[in-house]
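First the structure, which I've put down as structure tokens, then a few questions once you've had a look.
Per-chain numbering from 1; labels A, B, C and D assigned in written order.
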Amino acid sequence: MAKFLSRYFNAVFGLSILVVIGLVALFAPHIAPYEADRIFAGPRLSPPSAAYPFGTDALGRDMFSRVVHGARLTAYVGTIALVIGLGAGAVVGLAAGYSRTWLRGFLMRVIDLLYSFPGLLIALALVAFIGPSLENAMIAVGISTIPFFARVTYSVVIVERAKPYFDSGRVIGAGSLRLMVFYLLPNVLPALIVVGSLGFSTAILAAAGLSFLGLGAQPPAPEWGALLADGRSYMTNAPWLMIFPGLSIFLVVLAFNLVGDAMSEHFDPRQRWKR
Amino acid sequence: MEGVTPEQIEEMRRQLGLGQPAWVQSALYVWHAIQGDFGHTIVGREPVLGFLLSRLPATLALTASGLGIAIAIGLPLGFLAAYNRGRWIDNTLMFISVLGISMPSFWLGLMLLLTVPVYLDFIPVAGEGPASIILPALTLGLVYSAVIARMTRSAMIEVLSEDFIRTARAKGLRETIVMSRHAFKPASISIVTVIGLIFGSMMGGQVIVENVFSWNGLGRVAVLAMQQRDYPTIQGFIILFAAIIVTVSVILDMIYLWIDPRVRTG
Amino acid sequence: MTQAVLEVRGIVKHFQTRGGAIARAVNGVSFDLAKGETLGLIGESGCGKSTLARVLARLDTPDTGEVLLDGNDIGRIGNRAMKPIRRRIQMIFQDAVSSLNPRATAGAAVAEPLKLHRVVPRNKVKDRVAELFEAVGLPVGLMSRYPHEMSGGQCQRLSIARAISLDPDIIIADEAVSALDVSIKAQVINLLMDVQTRLGLSYVFITHDMALVGVLSHRIAVMYLGRFVEVGDADAIIRRPMHPYSQALIAASPIPDPDRPRTQALPIKGELPSPIKPPSGCTFHPRCPLAQARCKSEVPELRTTGEARQVACHFA
Amino acid sequence: MGQVFETHNVAAHDQVLKAVDLSVSFQSGNSNAVAVDHVSFGVARGEMLALVGESGCGKSTAALALLGLLRSPPARVEGRILLAGRSILGLPPADLQQIRGKSIAMIFQQPMTSLNPVLTIERQLTESTMAHESITRSEAISRARDALELVGISSPETRLRQYPHQLSGGMRQRVMIAMAMACRPSVLVADEPTTALDVTMQAQILSLIKGLKRDFGVATILITHDLGVVAENADRVAVMYAGRIVEQAGTSELFRAPAHPYTRGLIAAVPRLDGVPIGSAQTRRLQEIPGSVPQAGPSVPGCPFAPRCPLASDRCRSMRPMEVAIAPEHLVSCWEYAA
């Protein structure tokens, strides 16, 4: 057990953070002492204390309650963005990798073009045109990660497709659908789970960044990036307004990165100990 | 928009092709853009291209120094970790780098703003002067040094498991030569590719960092324009940013062709 | 003469390389395969034998030429029309472990073709799989194992079970035993020969091992740079090779007998030229000890000589 | 049979390289896998010893251990390795470096990946001479040119300026041999040098290695799984199975009178060009060895071949057979021959 813990320390550490934050998001109303936007729940700009563990903001809102409620938004944003990005990306990547016609060339050229572009920039541009809001931000972030997921799926698919077991499926007469669903997909899945975990953290980071720039969640939503932006004006006299939301983002992202790393080490035989 | 005459509005509508079908508007925009005319900013009524170009040097200076810091920190640490693979030094460095890549750049920037000037009072919090680049460059550099360290490490580990490394050792070469000549050269080729890959993402991070530090570059202008829905400026910004990214990746491709003999002579 | 089950006529398959050059992998190959016959296809790596195998198994389509199964060309028919044909031509690959779906158990790998082609009623599939396991000498207890939990020899037995489950007429075996250890190789070769006797099927057995092809085949075809240079009865070719390349291959094959008097025949010099820029005339001439001026300009036809042998050499 | 001969052999005295009771094990977590299990062998000047066996029998691991190329941990090497009488196992890395490439050189199975793709042939050929001898760069280059000519590469000037990807597989293996011979080593270890090559190229490379052995008297250890290659090239053979040497003899003696049941089975299982009987293919059944090659694991108490052996008794399964000489220089580890 001790050996297991030391070997998988990072993964266990990451998973524990995720479990805690997941529970917080799930039971937010029961954990938070106040509603998220309850004004004058306490004195204005009071530093962290027993009554207000994360302090209060300029309107006397309890930061702890706001951060706890923000966990729900973060889970929401990350999930939706991931579903859009991973879902569409996997379909496009699978299609491009499986196809041997003009479709492959076309899809890959488009993906490569978009992939060389920073995801955040794509998300920024999308938000600029569809307007700033939390929903738009997560849609934009989701769309902006499609090229990444498509690229990863594609590169795994073409490796798997070149292996003899794929040909052996063709030789026994398996059709396209069967080859894709029973041959390629299960063998691509481990890689997708790994990048999915890393993608979750990217999405959260990007969405928080958009909110921080005022292009995502709008006040008074207690989204962590927005809380940070809010707290900026009181940077010197009330630093706790920035420390706690930022720390929360950091911990969630860290947790997903740790879990993703552990999984990629587990799934990638090259990374495993070899003699 | 006070003080704008109906003629001016009409002139703007005509220039933007408003009121015409969307494809005509797009075609008009592209036609003008090819000729270097990106229209006028809505807020300041300046030509977009000139306005953006005036902010370009600030952006390039920040990118260059950020990338410089990232490489200067990330590359050696990545090598160190790969060379000591599996030992405590590797584990420690990799744990720090996970912290680094998980750090939201805007938060790191704010935390630096909050702490560093307190101890080092010659560093300005924001504003003008050459010293004001220190904090934003450091923020950008620290975050991306973690990325570079991780990618350098995996590139090196991949190379170190190659058969030719065993050959070099079987020849009785000193370990320093095995590392510097046989491992570093092939690894550096993949590191160039890696830098190309992260350059795009770094340009995205640049936008955020500029806004944290009120650095007067393209990213700050762009976010302002987005908040004000200044579409000609946004469009111009996206095109200019894309051009920078494409240019850099072409340059990196050329470096790659030049340093990889398999491509050069193949 | 028995009826040919497969007639191959003038197969040509070229590839475009990444640099845009054309690699002439298979450059006009014709042969017949009789029922119950093993044709051993031998040549060095890069000679086009694997490409030919893929064309015969219809994993690739030929550029020109025909693959006639009972007189019908299956060379370029579509996937839907191909499905019933798949039952009749099967293939076994070199790398046994990776030629099985890593996410399917051994039992599922053999059941899959049975279900796909409705070979037996659904409720009989399990019994049939057990029979097939027994037929290839695999313990039934291995059914729930995954390929990576089995040895290379076991995986190759499994591939054979999967191939014969469809009761095919022809099995294309592409270096099917090359990767196996000596002691396991003999087991699998014997299994392949037993299966052939029992089911009366035909093999196209592709290998680079002359001794192996001599043991296994009725007839041998020697391939060089996309063409057959010699075709004939296995014993005759091994004892009296007529093409200089066949002679070189046999001379270069090591024999596990240290006291055997060494034939001082020099093994040929050089290496297989690139199929992108094949030499003019007889493609073997740059390495041939007998080459004359004529060989550089004139392409030798594959002509029939006595004793049912075909040779493509001006001097054979 | 059963009579124990005195091992008095001339070669044994001037064996350049000797491994005595050599063992290699790999520790991973709680499991310990023994790859090489107390083997002893040696090779004399001008002699070629073949280490032959199936995959996973420990032949390559033994070779890497000779040069100190196993990473430790996880590898653990025990026993003694003597180079010209001097014990070299456990020497500090700096001393080992001076031996590698100078006294003992090695060539590997994969010529395609064993050369550094981004360094010129010249660089890769000159660096070992420059590492081991105090010579100038231009001297090293002229030595490199000579080395290329030695291994039969024409126009060495051009080749020196090229990169590995510009050479064919056979040419690369020649460059590997030139590299190995650059410092005129006294021992050459060739690990499956022709497995990745075609037969015609295999014949060329083996005749090159044999020529070097003859001309320079280099003691050669040839690692292979191919009995044909052994028969045509080696002077002596050591047959390995599951980490142990089960039989050792002169090549002619081994093939004429194989004593160990494994050796006999192995020789009978190989399809032979010269033994092709007339008749239909179906009559040509090969001899099989039942069962499968064991995976590396902890050392077994008895004979590792016992589970597949037709002659195995209870004693074979419980006690390790000792090595006995059944003829001069013919050693077998099998209870059949124990007194």
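Criterion: contacts are C-beta pairs under 8 Å (C-beta built on N, C-alpha and C of every residue); 3 or more make two chains touch, one makes a residue touch a chain.
Values in this document were obtained by computation on a predicted structure and should not be read as measured data.
**Q** Which neighbours does chain A have in common with chain D?
**A** Looking at chain D and chain A together, the chains touching each of them are B, C.
**Q** Please tell me whether C-D or B-D has the greater number of C-beta pairs in contact.
**A** Comparing C-D with B-D, the pair joined by more C-beta contacts is C-D.
**Q** Rounded to the nearest whole Å, what is the centre-to-centre distance of chain C and chain D, using the mean of the C-alpha atoms as each centre?
**A** 32
**Q** Distance from the CA centroid of chain A to that of chain C, rounded to the nearest Å?
**A** 50
**Q** Could you list which residues of chain A touch at least two other chains?
**A** Residue numbers touching two or more other chains: none in chain A.
**Q** Spell out the residues on chain B that touch chain A in their complex, using ranges where they run on.
**A** Checking each residue of chain B against chain A gives 95, 98-99, 101-107, 110-111, 113-114, 158, 161, 200-205, 207-208, 211, 222-223, 225-227, 229, 231, 234, 238, 241-242, 245-246, 249.
**Q** Can you check the complex and tell me which residues of chain D touch chain C?
**A** The contact residues of chain D facing chain C are 54-55, 168-171, 198-204, 207, 225-232, 251-252, 255-256, 265-267, 269-274, 276, 278, 280-282, 284-290, 292-293, 308.
**Q** Over in the complex, which chain D residues touch chain B? Could you list them?
**A** 67, 69, 93, 96-102, 105-106, 108, 110, 113-120, 123, 127-128, 131-132, 162-163, 165-166, 176, 179
**Q** Which part of chain C faces chain A closely enough to touch in the complex?
**A** That would be residues 54, 57, 59, 79, 82-83, 86-87, 89-91, 93-95, 98-104, 112-113, 116-117, 159, 162, 166 of chain C.
**Q** Within the complex, which stretch of chain C touches chain D?
**A** Per the touch definition, chain C meets chain D at residues 38, 44-45, 151, 153-154, 181-187, 189-190, 193, 196-197, 208-212, 214-218, 234-235, 238-239, 248-260, 262, 267-269, 271-272.
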